[in-house]
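Just below is one structure, and these are the notes that go with it.
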Amino acid sequence: MVVRAAVAGASGYAGGELLRLLSAHPEVEIGALTGHSNAGQTLGSLQPHLRPLADRVLEPTTAEALAGHDVVFLALPHGQSAAVAEQLGDEVLVVDMGADFRLKDAGDWETFYGSPHAGTWPYGLPELPGGRAALAGVKRIAVPGCYPTAVSLALFPAYEAGIAEPEAVIVAASGTSGAGKAAKPHLLGSEVMGNMTPYGVGGGHRHTPEMIQNLSAAAGQPVTVSFTPTLAPMPRGILATCSAKARPGVSAESLRAVYGKAFADEPFVDLLPEGQWPATAAVYGSNAVQIQVAHDPAAGRIVVVCAIDNLAKGTAGGALQSMNIALGLPEDTGLSTIGVAP
Amino acid sequence: MVVRAAVAGASGYAGGELLRLLSAHPEVEIGALTGHSNAGQTLGSLQPHLRPLADRVLEPTTAEALAGHDVVFLALPHGQSAAVAEQLGDEVLVVDMGADFRLKDAGDWETFYGSPHAGTWPYGLPELPGGRAALAGVKRIAVPGCYPTAVSLALFPAYEAGIAEPEAVIVAASGTSGAGKAAKPHLLGSEVMGNMTPYGVGGGHRHTPEMIQNLSAAAGQPVTVSFTPTLAPMPRGILATCSAKARPGVSAESLRAVYGKAFADEPFVDLLPEGQWPATAAVYGSNAVQIQVAHDPAAGRIVVVCAIDNLAKGTAGGALQSMNIALGLPEDTGLSTIGVAP
Amino acid sequence: MVVRAAVAGASGYAGGELLRLLSAHPEVEIGALTGHSNAGQTLGSLQPHLRPLADRVLEPTTAEALAGHDVVFLALPHGQSAAVAEQLGDEVLVVDMGADFRLKDAGDWETFYGSPHAGTWPYGLPELPGGRAALAGVKRIAVPGCYPTAVSLALFPAYEAGIAEPEAVIVAASGTSGAGKAAKPHLLGSEVMGNMTPYGVGGGHRHTPEMIQNLSAAAGQPVTVSFTPTLAPMPRGILATCSAKARPGVSAESLRAVYGKAFADEPFVDLLPEGQWPATAAVYGSNAVQIQVAHDPAAGRIVVVCAIDNLAKGTAGGALQSMNIALGLPEDTGLSTIGVAP
Amino acid sequence: MVVRAAVAGASGYAGGELLRLLSAHPEVEIGALTGHSNAGQTLGSLQPHLRPLADRVLEPTTAEALAGHDVVFLALPHGQSAAVAEQLGDEVLVVDMGADFRLKDAGDWETFYGSPHAGTWPYGLPELPGGRAALAGVKRIAVPGCYPTAVSLALFPAYEAGIAEPEAVIVAASGTSGAGKAAKPHLLGSEVMGNMTPYGVGGGHRHTPEMIQNLSAAAGQPVTVSFTPTLAPMPRGILATCSAKARPGVSAESLRAVYGKAFADEPFVDLLPEGQWPATAAVYGSNAVQIQVAHDPAAGRIVVVCAIDNLAKGTAGGALQSMNIALGLPEDTGLSTIGVAP
């Protein structure tokens, strides 16, 4: 099988990571690479780590450039995917790494993004209940946000099992690549090194409704989410610390049993041995998910910590995993669970 | 006024920061410096940044070495302060930067530290209700832990004002200096750079009962604390993200009013302008505390974020601030609210 | 004595560091603060670490705003200082932290900066031979570049003593603040963390002629300089590794003697004890200069390593030191040799 | 072909990186893993990023444990390889990642390592003149040191072509993993973050004679090396800045031509396009080598900058590359030139 893949938005961090992973995918042939302001430049000048592709030249993002592929990945700014996708036809698999088609509720979209809702595509988080079935053979995939990937994997087992109250509190730290490659003063190295700072506090982050959507579905009832993202002095990685009140009868053992069962057959999710805690460095560059759980009887809460690589499992790796499913390939084709450390 | 100060434990991070600050204190003359395994070495080889003190030689930590000073600072491993303090006499001001005398409840101490409780000293957090009065003229001061400093300042106003439910959820990131200078594999630069990882999850961190003590006192009722500390890839700084369910009637305005009132006259605490969020880099090396608040109506919670320098306001700066009060000096003598940035 | 000081260019890294140091200077009163694109904004939003000045508003950089001060510091982009300085009158002390007045040779200026040469002002590196005398009572000071500060201090003693061949090879690492606060993609945190990369290789860096000027003066003959700067993943600091062929008869002892003599009376320069090497972390935020020397008989070279804080001794601290001399104040007024570490 | 490989010293950084790469090698089956103080522990607790191997238990490093493999990799402390290798028999391919068999001159070994010389094995740097031929079919390989890998690749073309004087000056920055995983105070995260510092200055670093050996062989005459290594605040990567006086007649064009020819057919070495400079971040985790050259006519020198990943091409990747050659496999089997960035 040869899967010919195009990447729209090849100059950014998500596009670059996708190309790194596609290069190692045995069934994929990399086709057109497109960009916007960088069209006409070589990839070598934009992504110097992608040496075998250094001489490839970015084309403008047009339907013509993207035509003739089996899969088209869209790594575009939010709000731009729909217009491109419409022109690609129903036969091509379109994988959107932006936010446009993640939310089911048009009102949520409009509240958080301030534009008309483009629609809802099959959601690319196979580990969720029913997640794999929803992706088999599809031609459209909405890749989850990086934070919702970590948080949903951390908490859906508790909500599915009914062991937690429907009020989640989440504080997550993200590496700076999550903020993208556009040059902004607060993202300068001089500003971020040695610095931890929150943003979007109090419910304002656009990933909040996506978390609510996933956790409410798992719980079978509305779940509220208090989400505080923080920017950490590292290029990659998300560490999500998630907690909720334990329902009566929950113990350390029952909590661990719920999670052990939820992830027993998952190729990418690792419920760590007791005593070992997730570390973003351990999943650097990999599609692995590290999870650990704790029951705090004094506070009456369960605490679940999850570490992922925001660009890999959190974006490009997750996209590839879902593509594999949609195309009928083994789910882990071209994806590694080995991180680059130290 | 000349205050002659000795420092027991001058080779560690807390001792080094204290000496940095004492060097800039106009009323202090630095006397004996003592160490344990490093006794006999010059300070220049142990703390190369303290250039004017480079030729000072560390003495062993004995009552003789520490005698004849107006103030003795103890920067010793937990459990060792009581034996030293006993020998110093009642006339000398003893400032303990360890944990030994922070807790009021002997049972808490024994649960978390596994040794007999040494006692309780006046608590060195002047910003707490009644905090200053409790320090005037005292001869013994227990310097708060770094996390409890940040968390107590973040949440006591809400609990004192009765606007939050007594179940606090706290996730805090700390720079690596908080873990001390002893060489341990997981603290190697190769391990911590690019890495976020939690520890002591589920109520196990020793600073938890100290937070509970302070917040319960402010609330006038028992407060539970779910506390998750994380290790961040930076040398200094604590960013504490603290939240609790809002009591009925709380609004963004009333929340801000409570905090504005609580810190109106505080020389070191800064309730930031709306829209600006605390950043550890902004308080690097300073005694300043940055606080910002948010009301999240959808989640029904208040969120308070606090940034401090764990070694400065969180340890040595806080110690000096309390010393100033105990000695009747202006509280901010020798202490700056200007950080070193970028 | 009250010295009223204005700062033109208060929003950048050099301006911010200068304001941090001026705030601690006992004889200085901070007057007008000006900016260009940031005029009208509060300093609190631009320099959140400068808390006591948070409510100050930046004025546009005009002669009117800068009038009525005893000292005016110019922290402007290269090429803009002359026009401002002309309007300030001969009575005010003008300290230029830009490059405009550093070079004596107009041809060098034009070659490296591509614009007409504005002139030459007294050079603000007091440690150079005759350096202090050249600053006494002056009304104009050209603050050296950060790299030339480190490199000139590292090598002038060898050249003055005639123990090194006049062909210097220098490789220096700089923290990212040396590249300024303008948002450029290659300075993003995501790009610089975990990264070392050179720039301006092969003689192209604008600081090269300034080094040649200083070293040639010390040598009494033309000195060539091979200079390679590298960008290091840290916010501050310069580590300059400088070497030259040893002249016949040089030994480890004679080398050390030359440097010991050169810096014996210098308040800010520290020839470290044998076996201890300069570290940028040890001078973080301070005006100290750490130097160490080695003789490599197998390679026939002397190696001198120098660490400074690029923003402190390398820019704002050096500016203040020279201001003190020009005004007749003790040279170390308001300047510390204690770094902030770890 | 199935190559069964054992790794002695699987708990360290070199061993861990080797296992990461071996896991992706299509012809290799990972056999015994041994350790010393960590024997009996699971790999999951020591190398949490190597998830698929997490349940493997380290055996003690004995001849029995290492018997029955096609290849045995030794990632042992210096001086321990000979005793192990002797017991492994002549039929097994032994790849030593330590220093023991790199040097040809017994006197050099004794001077720099202070112990008897164990011997000299075929040298695992295929890119050197005659390097590949020297590895075909061998049963013993000495993997080069990380610094000598970078420096030899940077300078051998100039010396082979006779365009540089035989006095090389090298300043290199290394990530902290180059200093190993043993917990030492100066390698703590608190110490290394924000810090650049040199070590082994003046000819003392053990990698110096290895560089001299390689460069002298390329030059056909003795080459002196002034080598200053520095520790940089990043986990991985080496940036080597190398220069030498240009011989008469050298120009930017002729210099570039020499390097273009030297690396034209090299699968892992990239002479970057003009204007682009090596960056350690671009080769993170990959076997790629980035090189750029400059001619500085004013200083009369050529400057060559080289970036590698010290653990990959500098150690484990280089080991695998040489193993491939020795076994008759395609040289790039299991090795990528794509870095993990940002």
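For reference, chains read A, B, C and D in written order, and residue numbers begin at 1 within each chain.
Going forward, a contact is a pair of C-beta atoms (placed from the backbone, for glycine too) under 8 Å apart; a residue touches a chain by one contact, two chains touch by 3 or more.
Note that the structure is predicted; figures quoted are calculated from it, not measured.
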Practice prompt. Determine the set of chains touching chain B that also touch chain D.
Written response: A, C
Practice prompt. Report which of A-B and A-D is connected by more C-beta pairs in contact.
Written response: A-B
Worksheet item: Which integer distance in Å separates the CA centroid of chain A from that of chain C?
Response: 45
Worksheet item: In whole angstrom, how far does the Cα centroid of chain A sit from the Cα centroid of chain D?
Response: 35
Discussion item. Give me the residue numbers in chain D that touch at least two other chains, ranges are fine.
Written reply: 13, 175-177, 188, 190-191, 193-194, 233-236, 279, 281, 284, 342
Response to the item:
chain A partner, complex, touching residues on chain B are 167, 169, 171, 173, 175, 188, 190-191, 193-199, 201-203, 208, 224-228, 230, 232-237, 239, 241, 243, 245, 277-281, 284, 292, 294-301, 303, 305, 307, 342
Fill in: Of chain B, residues touching chain D in the complex
13, 175-177, 179, 181, 183-185, 187-194, 233-235
Worksheet, complete the sentence: Within their complex, chain A touches chain D through residues 13, 16, 20, 23-24, 44-45, 47-52, 176-177, 193-194, 235-236, 270, 272-273, 276, 279, 281-286, 288, 290, 336-342
